[in-house]
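Labels run A, B and C following the written order; every chain starts at residue 1.
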Amino acid sequence: MSLSARVRVQRGMLHVELDLEVADGEVLAVLGPNGAGKSTLLRVLAGLLPPDDGRVTVDGNPWDDVPAGTRLPPHRRALGMVFQDALLFPHLSVTDNVGYGLRTRGVPRAGRRAAAAAWLDRVGLGDLGDRRPAQLSGGQAQRAALARALVGDPALLLLDEPLSALDARTRLTVRAELRRHLAAFRGSTVLVTHDPVDAMALADRVVVVEGGRVVQEGAPAEVARHPRTDYVARLVGLSLLPGTGEGTTVRLDDGGVVAVAEEVRGPVFAAVRPESVALYRSRPDGSPRNVWRLRLTGATPHGATVRCDLGGEVPLVGDVTATAFAELGLVPGDEVWAAVKASEVSVYER
Amino acid sequence: MSRPREGTGVPLPLVVPAALAVAFLVLPVIGLLVRTPWSSLGEQLTAPGVGEALRLSLVSATAATGASLLLGVPLAWVLARSRIRGRSVLRALVTVPLVLPPVVGGVALFLVLGRQGIVGSWLDDAFGITIPFTTTAVVIAETFVAMPFLVISVEGALRAADARFEDVAATLGADRWTTFRTVTLPLVAPGIAAGAVLCWARALGEFGATITFAGNFPGTTQTMPLAVYLALQRDPEAAVVLSLVLLGVSLATLLLLRDRWLRGAAS
Amino acid sequence: MRRRLALLAATGLLAGCGTDASGDDGNGPSGTLTVFAAASLTDVFTELGDQLEDENAGLEVRFNFAGSSALATQITQSAPVDVFASADEPQMQVVVDAGLADRPEVFAANVLEIAVPRGNPGGVTGLADLGRDELAVALCAPEVPCGSAAEQVLASAGITAAPDTLDEDVRAALTKVELGEVDAALVYASDVATAGGEVEGIPVPDAEEALNVYPVCVLADAPNPAAAQAFVELLRSDRGREALADAGFREP
């Protein structure tokens, strides 16, 4: 059970051109901003949208093969799909919702009730089977939707922003449960999300999609550490500074120079974590090699720290403690000195 | 600032026209009640033909509603969901009976299903079936006039329904027909019920197309509206009584059904 | 019998209807004249109205053609009307009883004829054919004038008709003949005369048994009594009688 997909499809202004491979038991996260083509990709894989060109093969069976004229309708594909809003059928009980995929495959009533009950137990809803979907909380509904998608033992599981409609606390618990169920799932999983935490927590591999194309691919930790686009960098909270390595300095494409600890040559990214940035009212003593005079453009409280957006020669995002922020007495528009140790700057080829 | 009024929660600019609308709709009925010859009510009600006309009205309106459901719901689906070419033209055509004077509708039915009609003459020649002046013709005339009401309400319900549920069903192995039966239809059931009520009410009050295409013959084709109209020619008091009977029976039926639905939905 | 009595009574009243001062002093009537008339009079009244307008510059004649009972109801609900021409006497009586007019005057009569589609597919030759089950037959409902007239004619001929429909008015019955959906209908001779080529008329012997008379009157509070009087006089003139005869009506 593996997925191999080559998808070409035009949606309005967006041209989607994505190639994916997902192995048995693997969870692939497709990470990207709204309008990047993530949901379009899922709809093509599900058979809800015919691609303009390409092939989708699952477990060796062609689901879509445009050159060969093959196209399996959605109801003939062995797949399960979970949508952002659980989309449980409002007129059916929770049990009947979970059993729906067996009903369409001709499983007798008793059999599908038993299977549905077993799955409801697994997702922790064993005693809620007789309820109507409207009587479930958001988290319960999403668990039921997962059970409904998995009950038919699909070869491919598609998750479309499955956690983004949940509140923060519920998201945490459902995410943990989802992780457990995905680990037990033998088929291939494609998870679409715009939340890097989902991708990190649930996926074995991440592809970052922007404008209908893959812009980065790799293990979640690798993508988080070495973002290659501003979008990913912002998501993981890094300041991404593209430039050219000239020994132990990097000359930035947009002007400015960053000192780094190791020797680099050629086109590179320099990335700075927010907690590595120190702010001062006056030019700091000592000799940090990177000191810039920047302007505070925005400040957002984040728990015990304040995230400061800094503009100027080297645009940065810096975190300072709330206490420090108060002592500095900064307001947006103020000039400020920012210092970063060379050893705190990570550099990698682009 | 006009804040919503305490208690009712309805802003004044809405209350006044709404109250006027109620008065406008209810006062004519009150006028009928005031004019009702209560003393001769029993006599009018038991007059020969009244029960027959009432029975015929209920039977034919119900049959017309059934036919409209059978044909109209699929049509509404085609209008709301399919991507066939010329759909807007089709929708316009469907609403033609709404704007067509019903008498003209009756003539149009003759031209198709009458003895000389395109289909009717063939039916006559091949099977010896003639439709005009039969109870079947009453049902056909009522269906012609009333079905658009059903189609339009069901189409509206289908458009308002979340089509993503149909996608979900497809990913769970349901083909389009199964999806329609097990998901779409239950989702739009309230819209279908509302459309059926509207359709039934319109069929019950149908006059023009019926008297033209089905004629007026007691026991076979004389429905209550026809009886009312003819009574009006000779005895306006009797016409008032018959109108009230029609009104009372239709209201009672709708309330009864609503009651049943509400209880069904609550359980 | 009732009708013949009514006819006699009406002839006796020929002297005039709405004898209020006409107010014309040499000049012809002007302004707006509103005439409510039975639907069967549509063609002939429109023609006469045009003539009256041609002869009197500044006069505008407006017609409201409908079923007589609908017209009677509208008049008693105080629609402003100058002239009312009814297709039967009971509806005129409604207006008279309401005190809105007196002394109506009969100006035309109508007899029943059997109307058949062109070519007479049912082979209808007389009233007796209306009793044949295999023919589709339309009569007027007994509640409306042409229906009660039909009942009388059939009764005096001793024939039990087998109608398929009892129509709400004579036009509805005639439409069914025109469309070929019925083989025969009992309608007024005037309707056959104006129906055109799709309908043929078969005279009914003893039709005068059920002569239907058309009374007309000027309303008591007519807004334009002078014009109203002029219109009624035109109806009674040779020209008016000729036009009515052309339209298939009989002298009262």
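One rule holds for everything that comes next: a residue touches a chain if its C-beta (ideal position, glycine included) is under 8 Å from a C-beta of that chain, and two chains touch if they have at least 3 such contacts.
These numbers were taken from a predicted model, which means no experiment stands behind them.
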item: Least hop count linking chain A to chain C through chains in contact; value: 2
item: Chain nearest the overall C-alpha centroid of the shown protein atoms; value: B
item: Label of the chain whose CA centroid is most distant from the centroid of chain B; value: A
item: Whole-Å gap separating chain A and chain C, where each centre is the average of the chain's CA atoms; value: 85
item: Separation of mean Cα positions, chain C and chain B [Å, integer]; value: 36
item: Chain A and chain B, separation of their C-alpha mean positions in angstrom; value: 53
item: Chain C partner contacts - residues on chain B that touch it in the complex; value: 107, 110-111, 114-116, 130, 132-133, 211-212, 214-218, 221-222, 226, 229-234
item: Sites on chain C touched by chain B in the complex; value: 67, 69, 136, 138, 141, 143-144, 163-168, 172, 175-176, 179-181
item: Residues of chain A touching chain B in the complex; value: 46-48, 73-77, 79-81, 83, 87, 89-92, 100-101, 103-105, 148-149, 152, 158
item: In the complex with chain A, residue positions of chain B that touch it; value: 162, 164-165, 167-175, 178, 182-183, 186-187, 189
